[in-house]
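Note that the chains are named A, B and C in the order they appear, and that numbering of residues resets to 1 at the start of each chain.
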């Protein structure tokens, strides 16, 4: 009798161990599958497009012949748009994040803002494009310029920066605040001198993740009517004569890398698909490097918090 | 060396210009920061205002009932029909397929990460998943159209060059990291004591996960799926590239069909005179898209918040 | 039941029927006590009796948190300013009253920046003045010799005891009227504790000190006056010698002899 009990218990134990094993294997399989998709995607892009990336490709304008086409105007456009986006989204997002964590009193208005930010994070990017088309391009008559492109992407990544800022600010120990107030700082001095420097790595991580998202965004830029065939560069931001900087480029038409890629995918000729793959590979490289850097930062941040 | 110097009497401090300047700066900055936060509310307001006001032209000419029930969408034909159903069904097909992929995979993966994987291993895995989420959607679109569709054609008879199946699958993989990160957070927030109760009864790990952890994290996990669905509905480039741009009321996902987002992209690529009916159609369909995603986002937000408050 | 001070005591501050609420919870029930100039006043009492709460009224650090309320007065003498008056800017109060917390909490900046933090707030930018004041404060805190060669180094590289003395220097640099210490040695080892106690002995020649401590022996060693609190009320205040050897209240007697729960 006792023996029977013993063996039945042993059987249950063995069975549950098997179940756990099976599930763990299942989990790893799913994980491997997801990674396999990523790996296949990278391999596919490489086999299609790696050979196409050369100096000619980087320094040529688009062309009707795939072999002589390039992404010069696209990568210049992407760079300039990112400048505008970073310049707008980071201060705005950090400001809003700090307000929500350090200033906001607990009442309905704060609640409204909070629901808002969370909702904005989920608004499809193409809707931002429609906003920019109806409001910036036609409502304000700004046209399809680099400035508008940068603005729409800034709005798009604003929630990412806000959320990252809030998390970073929240993780600043409250003892730091108390001692800063203790030496007589006012709220802004506490934030500026002590809270922000402590939250900087976290904020930076969020900003990088946001910008890497913006680099790959296509839909909102298409929606505002960005051209796909740009055979010139915007005016240079730097000039030889005083005041040495020039903001005419903000009002220039533009194209960006994802748009150029989309345009080439839509062409029937296989040659353009090769160009698309090469552009995609470069895009992928940029976003992966940026995200890799963000992950690295976060990892270091965690380590330095622990010690 | 006396610490009781009198250069800092109360009165001196009260009239100190340094302190006054500090106070003014602090007050200014609190207004500035408040303004930053309010901008987020203005964005939402502006979105709703633009969508409604720009689609006004459309709804003045097309009755709402026709818009919602007509089965054809041919706005640029001479004999134009304005039924959103073909776009809507294609959108739901693609998003539904994405969810059919992401739901089981996401559940298995989040349970695995939260209940099985060792912390160190998890710290390595999660960033890798994040990298998957970082791939630009236009690249996923290329992958779906140029690589996966020709491949899938060999296994699925009758699959068109443009179809809903492949982009749906790709979107499923695309939203997987998102689902996993939210639902895994929710599962890990379930208190250890609940798990201990189950383990004390002799349950295995996975039984504990499914009978204690998932029910405990139910609203958080549900929120993850709602938010992911909203993402899939609003996703643009993958479907615009690989699902075709032909409005098609279909019940067969092997065919191509334009989603709402693909339609907006297609129209934007052409020349849209401001104020024309064609121009208004992209805002009208955009409004539908916004309404759907808003509903799911808000629902997801409250479920997530309720979950956070529970623990 | 204040015992009259012996000798020529000068008033530095006076607490008058001070009541304090955390939301609905009343943590102080009308406290009255004097703070004598250039003396150490110790606040003792069982855990949760409101020692920290009382101390934190002196520099209005409570104001960081929502839902708190003061009633009564904490008058600074001879100015006659009521520190807990709503009309008074808490920033001003903190400029006059320095505070050192239980756990050393230096800023994640250099040693120099830490000591200079309170000086920056006052708009002192002149480098040589800053350097002079930082040195003075570090000497007062008996830390100068240990850190004079590494002022630009991060404060986190110091030991716990050094960090606490750095926090004392940080509080001293702006020459406060009052220095508040909330269990400053409870996170330190006996040797570091002894150094801080010596330091307090030395400092009190120049600064008025109010210290909260759990350590009865410490209160007996370093304070001139002792306040015994229980359940948010001041039970007894008087010369430390009297409180420890001949207390008036039975509760005080029980507590100082260790019979208290």
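Following the convention adopted for this analysis, a contact is a pair of C-beta atoms (placed from the backbone, for glycine too) under 8 Å apart; a residue touches a chain by one contact, two chains touch by 3 or more.
Here the structure is a predicted model, which is why all the values come from computation and not from measurement.
K.L.:
How are the chains arranged in terms of who touches whom: line, ring, star, complete or other?
P.N.:
complete
K.L.:
Using each chain's Cα centroid, which is most distant from the centroid of chain C?
P.N.:
It is B.
K.L.:
Quick one: most central chain, C-alpha centroids?
P.N.:
So the chain sitting closest to the middle is A.
K.L.:
Between chain B and chain C, what's the gap in Å when you average each chain's C-alpha atoms?
P.N.:
Averaging C-alpha atoms per chain gives centres 53 Å apart.
K.L.:
Could you state the distance in Å from the CA-based centre of chain A to that of chain C?
P.N.:
49
K.L.:
Measuring centre to centre with CA averages, how many angstrom lie between chain A and chain B?
P.N.:
It comes to 14 Å between the two C-alpha centres.
K.L.:
Check each residue of chain A and list the ones that touch at least two other chains.
P.N.:
In chain A, the residues touching two or more other chains are 186, 189.
K.L.:
Identify all positions of chain B at which a residue touches two or more other chains, and write them in rising order.
P.N.:
Correct list: 22-23.
K.L.:
Considering chain C alone, which of its residues make contact with at least two other chains?
P.N.:
Chain C, residues with two or more chain partners: 91, 95, 121-122, 174.
K.L.:
In the complex, go through chain B and note every residue touching chain A.
P.N.:
22-23, 25-26, 29-30, 32-41, 43-44, 46-47, 50-51, 53-54, 105, 108-109, 111-113, 116-117, 125, 127-132, 134-143, 145-147, 173, 176-177, 202-207, 209, 227, 230-231, 233-237, 240-241, 261, 264-265, 268-269, 272, 274, 282-283, 286, 289-290, 293-294, 296-298, 300-301
K.L.:
Within their complex, state which residues of chain A touch chain C.
P.N.:
Contact set of chain A toward chain C: 105-106, 175-186, 189, 193-194, 197-198.
K.L.:
Going by the contact rule at the top, pick out the chain A residues touching chain B in the complex.
P.N.:
Touching chain B from chain A are residues 12, 15-17, 19-20, 23-24, 26-28, 30-31, 33-35, 37-38, 40-41, 44-45, 48, 91-96, 98-100, 103-104, 112-113, 115-120, 122-131, 133-135, 138-139, 155, 158-159, 162, 186-189, 191-192, 209, 212-213, 215-219, 222-225, 228, 258, 261-262, 265-266, 273, 276-277, 280, 283-284, 287-288, 290-292, 295.
K.L.:
Please name which positions on chain C make contact with chain A in the complex.
P.N.:
Where chain C meets chain A, its residues are 59, 61, 64, 66, 91, 94-95, 98-99, 101, 103, 105-108, 117-118, 120-122, 167, 170-171, 174.
K.L.:
Quick one: in the complex, what on chain B touches chain C?
P.N.:
1-5, 8-11, 13-14, 16-19, 21-23
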